[in-house]
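Below, chain A partners chain B and then partners chain C, in two separate complexes.
Now for the complex of A and B:
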C-alpha cells in the first residue's frame, strides 16, 4: 500500500519534471508569439492586444525584402542540398567501395568544424575564384553546410531500409530508374523529408556563415535582425518569427500526417496554408528588385536611412538602390578585405575609416563632385582619421553618456554616479572596451584615447571596484533595459536614448561634466565600386540640407549638416540628446583608433569581465 | 522449350569465397525443382543467378533456350517470391500485385482484372485495398505469390518462401503451393534447407553442398539411393559407418567396422582391402529378440530409446559400434535400457556412399 503510494508520488514527480522540460523548451516561443501582439514597443510591459506589428511588418520594405531573400536562399539551398545529400546517402548505403568509411566521414566533418572556420575559408575561396559575393555565394555556402546534415539524417533513416524491396521491383520488371522512382524514393521519403526540413531550418537561421559570404542583394532575415540591434529590434521581428514558426509548424504537421498514411486531402490543408504563408512575402511585398536597371549598392547599418529618402534618390537618377545591412564595423572590414563585395557606398565609423585607409581599400573622393560638402559643420571635417576628407564624408554622429530615471536618482551630472553604492544593482554599463575604460579614464582626468599602460591599468582597477554594483554589461538593447525599469542608470549612445526619452518622460540624458566620447559614422566609396559616379552623386545627395534634415528627422541620429539643422522642427533641433548644447560639445572627444594599444584595451576589458 | 532451364558449368565467387562452383543442372518445362542444402551451400546464390541479381563468373544460363547471363533482372522471363516477402509497404495489396503489370504499362482494365484473378488464385479475393502491414504472415506470403504469378513468368523462383511461417501453416502452404504448380504447369525453382519440404513438394531435388550439386534426382531416388555421404546424412540416414572392405565375392562385399562384421550387396564400387563409407537407414535395421536364432545377427545392448510418436528409435551397441534401429509404433516392443537384443543388417540395406566434398 505504502509502496503503491510512493510509486504514484514518483509518477507525479516525473510528470511534473517532464512538464518543466517542455515549458523550458517552449516558453521562449510562447513569449515571442505573445509579444508580437503586444501594443507596447517595449517587451517589458503588456499594453493590450494588437495586430499593428503584423500590419507594420507588411509595410516594412526592408524586413520584407530580407524575408524574401531568406526564403529564396532557403528554398534553393534546400532543394540542391537535399538532392545531393540523398544521392550521397544512397550511394553510401548501397555500395561498399574503397575508402567508403573515409569518404563518409568527410561528409560528416563540416558538422563539427566551427562555423566561423567554414565562413572564413569560404570567403578566401570565393576571393580566389573571383566570385562576386551575393545571392549565389550565399546559396552555395548554405548548400555546402546543409548537405552534410542531409547525408547524416538520410543515411541514419536508410539503415533500416530493406534492399530486397529494390530487388523485388527489378524482378517485377522495373529498370534501375523506375525502381528508384517507384520504390526507393517513396520509401525513403520520410528520411528525405526530414533531411530537407533540417536543411531548410539551418538555412533560414544561419547567421555566422551568411554574414561572411553575403554581398549585394543578399541580406537575409538573420542579418537584418542582427543589424537592427544597434538601433533597436522592433516587435515586427516578433511578428515575422511567429509567422515563420506557424508556417513551418503547418508544413511539419502535413509531413507528419502524410507519413502516417493519412489521405492526401487531409494533408493538403495544412501544407497549402503553410506554403501560402511562405509565399506571402512574394505576393504582398511587391516585386523583388527588378533586373537590368542601373543600381547603387549601399552597405549600411540598419535604420540609418529611410526607404522614402532612397526613393527620392531613385526617382531623381532613374536608378535602383540596393540596400544590404551589417551589424558591426568588423563585419564591414571583413567584407571589404575579401575584395569581392561589389558595394558602391559603405558607412564605416571613424576608426574603421582609418583602418580601411591604411589598407588602401577606399576610393579617393572627387571633392569637385561633392559641392554640398559646404553645408557640413567644419567641426566634423578634416579629423585625424581622414585628413582633408579625401576618403569619407561625415554622415551621422552621436555622444556617449548616461541616461537615468530621474524620479529614482535625482539629477546626475558625473560619471561618479555609476560608481555610487546607493545605486548598486541598478547600473548598466556598455559591453565595450573603449567605452567602459573610457569612462574610468575620464574620472581619472585622462582622455578617452589614452594609450599609456599605467593609466589604463588604473582604469581597470576602477572598473573592478565598480563591478559589484553593475547589474549587466549590454551594448545591444541597453535602452530597452532602462525603459523596462530593470536599471535606473545606463551608459549608452545618444541615438537610442533620444528615442527612449520620447517614450518615457521620466528618462533624462546627460553627457557627464568630466567629458565623454562621440562617434562619427561616415560614408565612403570602396575601391572597385562598380558605379563610382553614382556613388558620388549619392554622397552629395545625402548632404543636401533638405535631405539631411529628412534623414535626421526620420532616424533621430545627429546630423553633422549645419544647414540641415536649421530646417529641423524645434523638438528635434533642440533635443538635448540629439543636439547637445555647445558647452557639452566642448567636452566630448572623438574616439580614435588607438593603434597597438587596442590589444591592451581588449585584454584589460576581458580581465574586468572575467573577474569574480 | 518454354520454362526449361539449363545451367552449364556456372561459377560465382564473392571475394575469396566460391559460392557456386561449376554447377550444371537441367530443369524440364513445368517441373518443380528444389535446391536443397544447408545454409551457405550456394542454393540461394544459384537462385539469384537465375533471377539476375548476380552475374556468373563462368558458365552459361539458359532459360527457355535463351542465354540470359547478360540480362538484368527486369529483362528476364522469371519472377521471384522472396523469403521475407519483400512487399512494398507504401502500397496496398492491389498495388503490390499490380506493380509488375504497371511496369509493363498494361491498360487499367486489364490490370484490375488480372490482379483480381491472381488474388483469387491465392485465395485472397477481396483483399485489394488492405494495407500490407495489416496482413498475417501467411497472407503476406500469398500476396507475394500473387504478385509474382500475375506476370505469368516462364519460371517462378521461390527463395525459402515458407521459412517464416509456423509449422502448421507451413504444412498447409506446402500442399497449396504444390497444387498450384500442378494446375499452372509452370516451372518452379524452390530453395529450402528443409528436407521434408523438399521431399514432399518436388518433382526433383538438387542437393547442394559447398557450392556444388552433389546429387540431382527424384525424391524417391534420393531417399533410397543417396550417392554421397553428405546427401545421405542430409536426408536423415542416421547410420553412417566407415568400414574396411575385407573381401568381395559372389555379389556381396564383406565389411568390417571395428569388430562389427556385416555384408553389403556389391554395386561394383567396393575394392577389397580399401575403406568405404556405407549407410543404413534405421528402419531397415532389424531388431530381434536376444535368443533369436539368426546366423548373421549380432548381439547388442540397448543404450537409448528415442520415442518419436509414430515410431521409436533404439540406439543399440553391437560389437562396439552404436547403431540406430527404428521400429514403427505399431511393431515396437517394450524394451528397457541395458536389455540384450540381437540386430541384423540386411545386405541390400547397406548402401555404399562416396565421400563427397
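Now for the complex of A and C:
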C-alpha cells in the first residue's frame, strides 16, 4: 500500500517536473510572440495589442528578401545534405570499411570544430579557388556543416536496426539496390526526416559561417537580424520569428496526424497553411531581379540608408540597387581581402579605409564625376586615412561619449563618472578594446591612438580597477540597455544615443571634457567593382544636399554635408548629440588604425575581460 | 554488383564533399596557424609554433579552464533536467502522446538563437517580466541579468534538447523486464534508480553528454548577451581573433587546441559507452 502511494507521488512529481521544464523551454517563446503584438517599439514596456508589426513586416523589403534567401538556402542545402548524408549512413551501415578511423574522423570532425574555424577556413578555400561569394558559396558551406549531422542521425537509427530483414530480402533474390530501396530506406524514413529537419534548422539559424561566406544577394535572415540588433530586436523580427515557428508547427502537426493514420483531408489543412506561410514571401512581390537590368551592389551597415532613398536612385538611373548588410568593419575587410566579393560600393570606417588603401583594394575615384563633393564640409576632407580623398568620400560621422539618466546621476562631464563607486552596478562600457582603453588613456592624459606599451599597460590597470563597477560590456544595443533602466550611465556612439534621447527626455549625452574619439564612415568603390560608373553616380547622388539631408533625417547619424545640414529641421540641425558645438569638435580625435599594436590592444582587453 | 562496391558508391559523394569543403580548408587553416599576422591583418606564411606556445600562456589556459568548467556545469544541469523528462515521456506517457511531446522539446529551435536570447533578456532584466511578477506579489527585485547564473541559464536553455533526445532514445530501447525485476525483488525507488535505471541509460547519458559538452566549449553568444561580456570563454576568444584583432594565425592555433580538447572529451565518453554495450 505504502509503496504504491509513494509510486503515485513519484509519478505526479515527475509529471510536474516535466511541466516545469516545458515552461522553461517556452517562456522565451511566449515573450517573443507577445512582443510581436506589442504596440511599443521598445521591448521595455507593454502598450497594447496590435497587428501593425506584421503589416510593417510585409512592407519591409529587406527583411522579406532576407527571408526568401534564407528559405532558398535552407531548402537547397537540406535536400543536398540529406541525400549525401543518408547515402553515407547506409554505406557505413552495410559495409565495414578498411581504415575506417580516417573516415569516421572525416565525418565526425565537422561537428566538433567550432563554427568560426569552419567559416574562416572556407574563406581561405573560396579565395584559393577564386570562387565568387554569393548564394552558391553559402549553400556549399551549409551543406558542409549539415552533412555530418544527417549521417549521425540516420546512423543512430540504423544501429538499432534488424539486419535479418535485409538478409531475408537478399535470400529471396533481391539485389543490393532493390534491398536498399524496398527494405532499408522505408524502414529508416523517420530518421531521414529527422535528419532533414535538423539540417533545415541548422541552416535557417546559421549566422557565423554565413556571415563569412555570403556575397552579393545572399543576405540571409540571421545576417539581417544581427545587423539590425544595433537598434534592438525590433517587433518585426519577433513577428517573422513567430510566423516561422507557426509554419513549422503546422507542418509538424500535419506529419504527426499523417503518422497516426488520420485521413489525408484532415492533414491537408495544417500542411497547406504551413506551406502557404512559407511560400508567402515568394508570392508577395518575389525577387524583382529582372535579367539584363543593370544593378548596383551596395554593401553597407544596417540603418544607414532608407529604402525610399534607394528607390529615388533606382528611378533616376533605371537600375536596381542590391543591398547587403554587415555589422563590423572586420567582416567587410575579410570580404574585400579575400578578393572575391562583387560589390560596387562599400562603407568602411576611416581606419578600415586606410587598411584597404595600403593593400590597394580600393579603386581611385574620378573626382570630376563627383561635383557634389563641393557640398561636403572641408573639416571632413583630406584626412590622414585618405589624403586628397582619392579613394573615399565622407558619408556619416559620430562621436563617442557618455549617455546618462540625469534624474539618477545629476550632470556628468568627465570620463571619471564611469569610475565613480556611487554608480556601481549601473555602468555600461562598450565591448570594444579601442574605445574602453581609449577612455582610460584620455583619463591619463594620453590620446586615443596610443601605441606605447607602457601607457597601454596603465590604461589596462584603470579598466581592471573599474571592472567591479561595470554592469555589462556591450557595443551592439547599449542604448536599449540604458532605455530599459538596467544601467544609468553608458559609454557609446552618438547616433544611437540621439535616437534614445528622442524616446526618453531623461537621457542626456555628453562628450567628456578630457576629450574623446570620433569615427568617420566613408563610401568607396572596391577594385574589381562590376559597375564603377554607376558607383560614381551613386556616390555623387548621396552628396546632393536634398538627398544627404533626407538620409540624415531618416537615419539620425551626423552628415558631413554642409549644404544638407542647412536644409534640416532645427530639431535635428541643433541636436547636441548629432551636431555637437564647435568647442566639442576641438577635443575629439579621429580613431586611426594602430597597425601592429592591434594585437596588444586585443591582449590587454582579453586580460581585462577575463579578470574575475 | 558487390555490396562493397555499392557501399563505396554510396559513400563517395559525401566523403568527397567533406574532403573538399572541410578537410582541405582545415589543412589551409593548419598551415595558417604556423604563420603570423601581417601588419594589415593578413597571413604571413611561416613554419613556426609560436602561436601554439602563445595559446598555452597562463592567460589563455585560464580561459580554456573556465570554458571547460562552464561546459561541464551545463552538461550536468542538462542531465539533471532532461533525464526525468525523458523518463517521464518514455515510461509514464501514453504511446499516442509521445511523439508530440518529443516534437515540443525541439520546436523552440526553429527560431533564431539570437532572438531567443533577447527574449531571455526581456525576462531577466531589472525591469523585466520576472521582476515585474515578483513585484506584483510584493517581493523585491533581483539583478538576474549580466551574471554567471544568467550565462548558465542561456547555455542550458540552448543545449537541453541535445541531452533529452539521446536519453529518450536509450530509454526506449532498454529492457523493461530488468526494471520490473528490481521492483519485484523489493529494491527501494532510490536504489532502483541508482543501480538499475541510471546504468541502463548510460549510453544515452554519454551520447547526450558529448552533444552538449562540445558546443558548450565553443559558446560565445550567451556569455556576451546574458553575461554582459564580463567573462571570456574560448568561443569569444577565437571569435575575437578572427573578427576583431584580425589575427587569423593565432585564432587558428587556438581552435586546433580546442579541437584537441574536444577529442579528449569524446575519447573519455567512449569508455562508458563501451562498458554499457558490454552490459
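Annotations
Here is the rule we use: the second predicted complex is superposed on the first by the 539 of 612 C-alpha atoms of A that agree within 3 Å, B and C clash if a C-alpha of one lies under 4 Å from a C-alpha of the other, contacts with A are read in each partner's own complex, and residues count from 1 in each chain.
In the analysis below, a contact is a pair of C-beta atoms (placed from the backbone, for glycine too) under 8 Å apart; a residue touches a chain by one contact, two chains touch by 3 or more.
Fair warning: this is a prediction, and the values are worked out from it, not measured in the lab.
By the touch criterion defined above, A:175 lies against chain B and chain C together after alignment on the C-alpha atoms of chain A. Contacts of A:540 after superposition: neither chain B nor chain C is touched. Residue contacts after overlaying the shared chain place A:91 against chain C, while chain B stays out of touching range.
In the superposed pair of complexes, A:111 makes contact with chain C only, with no contact to chain B. Once chain A of one complex is fitted onto chain A of the other, the partner contacts of A:589 are absent, as it touches neither chain B nor chain C.
Considering which of chain B and chain C touches more of chain A, the answer is C.
Contacts of A:187 after superposition: chain B is touched, whereas chain C is not reached.
In the superposed model, A:314 lies in contact with neither chain B nor chain C.
With both structures placed on the common chain, the touch criterion links A:444 to neither chain B nor chain C.
In the superposed model, A:165 makes contact with chain B only, not with chain C. Overlap of the chain B and chain C contact sets on chain A: residues 175-176. The part of chain A that touches chain B in the complex is made up of residues 162, 164-165, 167-176, 178, 182-183, 186-187, 261. On chain C, the positions that touch chain A within their shared complex are 1-4, 6-8, 10-11, 13-15, 17-26, 28-29, 32, 37, 39-42, 59, 62-63, 66, 81-82, 84-85, 87-89, 92, 96, 99-100, 103-116, 118-120, 122-123, 125-127, 129, 143, 145-146, 157, 160, 169, 173, 189, 214, 218, 224, 228-232, 234-248, 251-252, 255, 258-259, 262-263, 266. Contact residues of chain B toward chain A in the complex are 51-53, 72-74, 78-80, 82-84, 86-90, 99-100, 103-104, 131, 147-148, 151. Within the complex formed with chain C, the chain A residues making contact are 6-7, 10-11, 14-15, 17-18, 21-22, 24-29, 31-32, 35, 43-44, 83-85, 87-88, 90-92, 94-95, 97, 103, 106-122, 124-125, 128, 140-141, 143-144, 147-148, 151, 156, 160, 175-177, 180, 201, 204-205, 207-208, 221-222, 225-226, 229, 233, 237-238, 241, 244-245, 248-249, 252, 256, 259-260, 328, 330-331, 333-334, 337, 355, 358-359, 425, 431, 433, 467, 470-474, 484-486, 595-596, 598-599, 601-603, 606-607, 609-610.
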